[in-house]
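Some structures are shown below for you to check.
First subunit A sits with subunit B, and in the next complex the same chain sits with subunit C.
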Partner chain A sequence: MGHILRLIAALLAAAMLHYAADPAAAFAAVVHPSNATRDLHLRDLTSLFEGANRQWPNRSGVVLVERDAGSAPFRYLMGRLLNTTPGEYKRSLQNIEYRGETPVSIKILNSDAAACQYVFNVPSAIAIVETASLALPACGGIQVLRIDGKLPGEEGYRLK
Partner chain B sequence: MRTNLRARRHDFSDEAIVSLRLASAFALLFGVIAEAGGGVAVAAEPPDEKDQVIQKLVERVEALERQVAALEQTRAPQAGQAQPAQPPPAQAPIAAAEQPAQQQPTSDATNAADATQPDTSTQPDNASRFNFHGYADADFLRDADGYTKKFEQGEIDLFATERLSSHLTALLELALETDAESLADDVEVNVERMLLQYRGNDFFNADIGSYRTALGYYSTAYLRGAWLQTAISRPKMFTFEDQGGFLPLHAVGVSVNGRIPSGDLNLHYVAEVGSSRNYGNTAGLGVEPSFNRATNLAVFSQPAGVPGLEIGFSTYHDLFSPEAGFQLNRAIWMVHFVYVRGRVEFLNEGMRIDLSYGSLGSGTGLAFYSQIAYRVASSWKPYGRVEYLNAYGTGVIETAIAREYIPWKTVYTGGIRHDLTDSVAVKFELGRESDYLRPSYITAAVQLAFTF
Partner chain C sequence: MKLWFRRVFVGAMVLGAILGSLLGTRGLNQALISTRDLYRVDTAGSQMESDLEYETQESRRAFVYALAVTDPNDQLPYVAAARGASRRVGETLNRLRMLGVPEISADVETFERTWNKYDQARDQIMARILEGNSAAAMRVEFERGQPAFARALESLHALKAGLEVRGRADSVRVNSTLWRSIGGLAAFVLSTLLILGLLIKANRSRRQALESLHATNAALDAAREMERERASILELVSTRAALSRTLEKIVALASRCHLEAGAAVWTGNAGEAHFHVAANLPQGLSEALKLHPPPSSGPDGWEEFRGYSGKLAAAFGFEASPAKELREASGERIGMLQMFAPAGRAVDWQATLDQMAQLAAVAIENSLLYERLAFQAQHDTLTGLPNRLLFQDRVQQASRVALRHGKKAAVIWLDLDKYKQINDTLGHRVGDEVLCEVARRLQRCLRQSDSVARVGGDEFTVLAPELAQPEDAERVAATILSAFTPPFQLASHQTNLTASLGISMFPEHGEDPITLLRNADLAMYSAKRAGGGTFRMFRSALSDSMQRQVLLEQELKTALEHNELRLEYQPLLDRNGRLDGVEALLRWNNPEAGQVSPMEFIPIAEETGLISSIGEWVTQTACRNAARWLQLGYDVPLIAVNVSALQFTDGKFTALVERILRECGLPPSRLELEITETALMDNLEGVVEQIELLRRLGVRFAIDDFGTGYSSLSHLQNLPVDIVKIDRSFIKDLQPGAVGCTTLVRGIIALAHNLGLQVVAEGVETAEQLALLNTLGCDLNQGFFLHRPMSVEALEELLRAKRPRTEPAEDLSESELIPSASPA
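What follows is the complex of A and B.
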């Protein structure tokens, strides 16, 4: 019995580590420069990536730009921001569509540079990238959002 | 801080600026051609969509021009400096960006185009789109009905939508029911939904065709598709009509819905008029096919301050013919309190159903269920559910219909769901059901559910 409990504990720990984001990393939500939104509450950001809110204030449809499954931004999105798993996330997104509502638009890219570039080209897109990636040339032309009034690096910034 | 981050730019080469200028010119040229009607695809679109395309092209040109200006500003102070031995890669047009990820675990809802095609990527909502999802399950059931044990194929649910225009969507859902299949031609094909959806704005949308009745929460969230719902079994009150259920879960008619201006309360309404599926296989007798005046009004709130919470009620009225010659007045009131977010799934619904037929008497059913599930670790989700129903009445309605049609009393269900992959789940479930007409019994089930 003890072996089984230890095995279960090890499996749980491994699973939690697998989906946990790097505790030292910080992340930024970025949008197109023409996007009028400059500041988001954390709960509104969560609502966007949950698919609960699928429109910007100007009624344009939100395009979510997400990183691939193994990346730090994706792990942060699943484990910290949404507190979910890829499987449950997929289920909740399909459920929105199944209820007859407008589907969530998602683009998945395999680097922060590609995510920034995509946001630069799609005015209604929003992405979560590592703050370290903001120095990349590809991330130069896009807008970093304040989260609850704070920018990356400021005291009390919550996307980390 | 943002200024500092933006100031940390790399040098850019002449080639980068030239390429951006070319891209800008190309986009402008494309816009002119489109405006002139030279593009077949654009010319075929309605005028408002064409205007949107042109507007987006103009925005794209402006964005490229801003980027060129930013690059030139960055470059200007360094004019006198020596060129680096190997200039860093410029911010190339997106065609030269890294390739999209091969693995796309949540890509089923992906509608944006490939990143290597920036012009189409900017219009994910304009193009006609087809989305398809399939759901299937295989089960082993022990005493699910109190008597049998068997392997069962479950049902195959095929769900598809096609965006016809910016305001119109066609939705079709077919369920192939193989659970009672003993001969090859026993597979029933149910048109679960067949809708033309008009999406006007936040406050007015309309669905015309065969819809699922907006009764409570569970039926609208998990009408079919075993993979979508956490548990194996549905709450007993949401048993399908052709399996003896007493709630009208399907109807044909018109359903309008939208938001009600209500600030942070975030109220929504659904109003429906149609004909419900007006039969009951439990009675096994006649079917009254006439128009049964089904009306339903539902109002629910999704408070902005508590994401994941939904509170609502619905009131439904129609004429119901569970047996030939009877046309009962049926009224259903439902309330629900649901919280689904993060690890937690907490579903609660209550219901009252009244059946009456003049001097022949009346019947009333009061029911509720409460289900809670909590995800532990990454992919295990244990759940439990309690259901209760009390049916009583007077006259013929009580003896002939209420007790026979609603025989169960309490159901306790517990189980666990494990997501093997993003698309495959295995579930184990035990239950205990008490009926009015027979002794209590234990049920057990294993299910492999998946989406494709």
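What follows is the complex of A and C.
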């Protein structure tokens, strides 16, 4: 009995650790190289992922690329950037569609490489990936956006 | 083929090969380049085509699959596949561009351009699909994708067509360059083959030349080896090595020149030849050759023998060379040489045979020469008997044997009686015949164990070994004497000859050969003095007198050379005491024998033949002195010189006297020759003629010692003399009252005067004798009472004192002298 309780406690601890954002990790917002946008304010980024702003300045529709639930970028998106939960986020997006507005296009990809590759192939896509994944080959041909004028690694960069 | 032509030909071939190889290589290189280009272009075209087809399929598959799934995670692999195909197309285009084929560069650019448009369209399609907008994707596909793809396909076909054109051009170029290269290579191969042929031929020639050179070197080596062998053989010959050893070395040359060949040598002339040595022959053949009797002495002897040896060799599976006769320089056959080799071998005999034969002939001839020299050194060349040297050696050996066996040995000295007369009267040839006949008779009458030797002119010695007593030696001597009993038949003459023998016994009369010979010689003198034709055993009592005799004989031989002879002169005075002549008297003063009387040495001189040379010296000296006196202006009296009858025997005395008179420049009328009555009467016939000749020249002759011989007074009128010298034995007893002697002398004087002869009395020693002789009418007197014999100087003094002359030889007319011999 004692053993079972110790096992349950360990699983809960692991789950807590899994869903908690790594306080040391940093994240980057990446877009297609053809995208004219080079710099975003953090609130604009938040606005894009909240579905408030669904078009790029060239009037092409924004495709949000998100990582699968449980991944660090998704937890960062939910916990730090949007400050919401996956369920709440899903309901807010459904509300937009219920309102008859242009639905938010969201693509869930199961790795940073896939996210990068997707952004590479879709000019209107934007994704948040870990800055560590920028070194992957799949992330070679895409553009990293400045957030509030800062690139990842620079002092005052805020996506972390 | 001439050398220059060959060089030009080879040069042309080399040039052709170089050009051919260059052309061939260049053509081949061009063909390879063209082939490579063709391959590259074809490959690139094929690759392009397959890439395009693959991309089409990929694109289509990505399009369908992307449409079929909604999850972008599932769509992305298809998108990546499409992009990969597109990237490979781009890489292929780059490779195609890098080929540098100008003919297709425009097609490549066109295709790239159309392909890029299709690529952009596909990106848009894929983006729509990924966005999840399938309718938009299909729309773009229809509107842009498919047209772009069709254009890309068209441009691809154009590119392929360009590649095919280029490929055909490359094929043509490859073909032409291939043909050129084949031509060049053919030329190269042909030239190379020709050069190779020439090289092979040159190599063969070089090999043949080398083989020839090796053969020449081998021949030279063999010749040098042969020369060394020749030198060593000639050294053996010169060092007088044993003939067998030398011949063994010579016949061994056969196997040196021809490995399996052998040779054999026979030495000697046909009839006497015998197998000497063989080398490298089967034992049986060698033995068979050795056992065969020598070839007959006939002219075909050697030929028959060659035939026999050839058959013998054939029986042993051998073949015989032509036999080579060995001859010495005089042409005399001295042997035969033959080579043998296993039958069937082609052996060139001649050169080897000639060389071996030459060496063998030299070796045998040299050996024969040494044998002859050795024989001559120990033998008398005339009779073939051993000489003194060998005889002494045999005496030495016999004395040792006798000593060992307690026996005796006899040495017999034999001297022919009156041999000189035979020699002088009948000539040396007859004399030699006599000696040879004596040698034969001695050899016949003696035992096998006895030895005969010739030790001097007519002197022989006999060694009779192993005798029991001296009487045995006397029997041997008697046997020898009996061998002289039969008359000697000499050419046209027949004569009886006797010998005087002296015997000395070992060991009684001497223990060494020299003593034994000397004592035998002395004993022989004793026999000679006994009248010859007998033998005497040596006795010690004989020794002194005989030894003096031998000494005088030996010393007399050198008396002239040693100036031991001199002349004294005894004057002859007429009844008035005036010097009318002088008699030259011979004196001999020997360091060992002292003053020797002419009575003692003249017989020896006559017996040994020395009288001729001594007589010549006396005549010459006397005439020279007389001529000198004439030159000095003295009134030179008649010079009387004694002559031995033996001087007349060789028939040359007349010429000798004539020559001496001419050389000395003495008128013949001043010379008087005296010959004893005995000598004159013994050889009356031979002497008279020569006396007549000399008398015609003006030389006067006197009979010396008249009255002692056996001549008849009746002969006196026939003797060609001018003077009669009455022997001193008559004068010695002449004195007043000695009627018989006085009557005899008176008779001789009267007889001589009646015959017109002058009379000289010898041995006048008293005044009474002189007075009586003057009374009896003797013309000239000679004797101690008047003058003793005096030296030349004393006589000259006498001549000067008695008849000095103021004008030298003024009364000598040219007609008195014998004219000089004409140069002719």
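Definition applied: the second predicted complex is superposed on the first by the 140 of 160 C-alpha atoms of A that agree within 3 Å, B and C clash if a C-alpha of one lies under 4 Å from a C-alpha of the other, contacts with A are read in each partner's own complex, and residues count from 1 in each chain.
Going forward, a contact is a pair of C-beta atoms (placed from the backbone, for glycine too) under 8 Å apart; a residue touches a chain by one contact, two chains touch by 3 or more.
None of the values given here were measured: they were computed from a predicted structure.
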Of subunit C and subunit B, partner touching more subunit A residues: B
First, second, both or neither for A:43, with subunit B first and subunit C second: first
Touching partner for A:152 - first (subunit B), second (subunit C), both, neither: first
Partner chain(s) touched by A:33 [first = subunit B, second = subunit C, both, neither]: first
Touched partner set for A:129, first subunit B, second subunit C, both or neither: neither
Doubly contacted residues of subunit A, that is, touched by subunit B and again by subunit C: 61, 63, 105, 107-110, 114, 117-118, 121-123, 125
Subunit A residues touching subunit C - in the complex, by the definition given at the top: 61, 63, 65, 105, 107-110, 114, 117-118, 121-125
Of all residues in subunit C, those that touch subunit A in their complex: 72-73, 76, 79-80, 83, 123, 126-127, 130-132
Touching residues on subunit A, where the partner in the complex is subunit B: 11-12, 15-16, 18-19, 32-34, 43, 46-47, 50-52, 61, 63, 66-70, 82-100, 102-111, 113-114, 117-118, 120-123, 125, 131, 134-135, 137-138, 140-141, 144, 151-154
Contact footprint of subunit A on subunit B as seen in their complex: 1-2, 5-6, 8-10, 12, 56, 59-60, 62-63, 66-67, 70, 88-91, 94, 97-112, 115, 118, 121-122, 124-125, 131, 133, 159, 161, 171, 193, 195, 197, 199, 207, 220-223, 225, 227-228, 302, 307, 340-343, 375-379, 419, 421-423, 425, 451
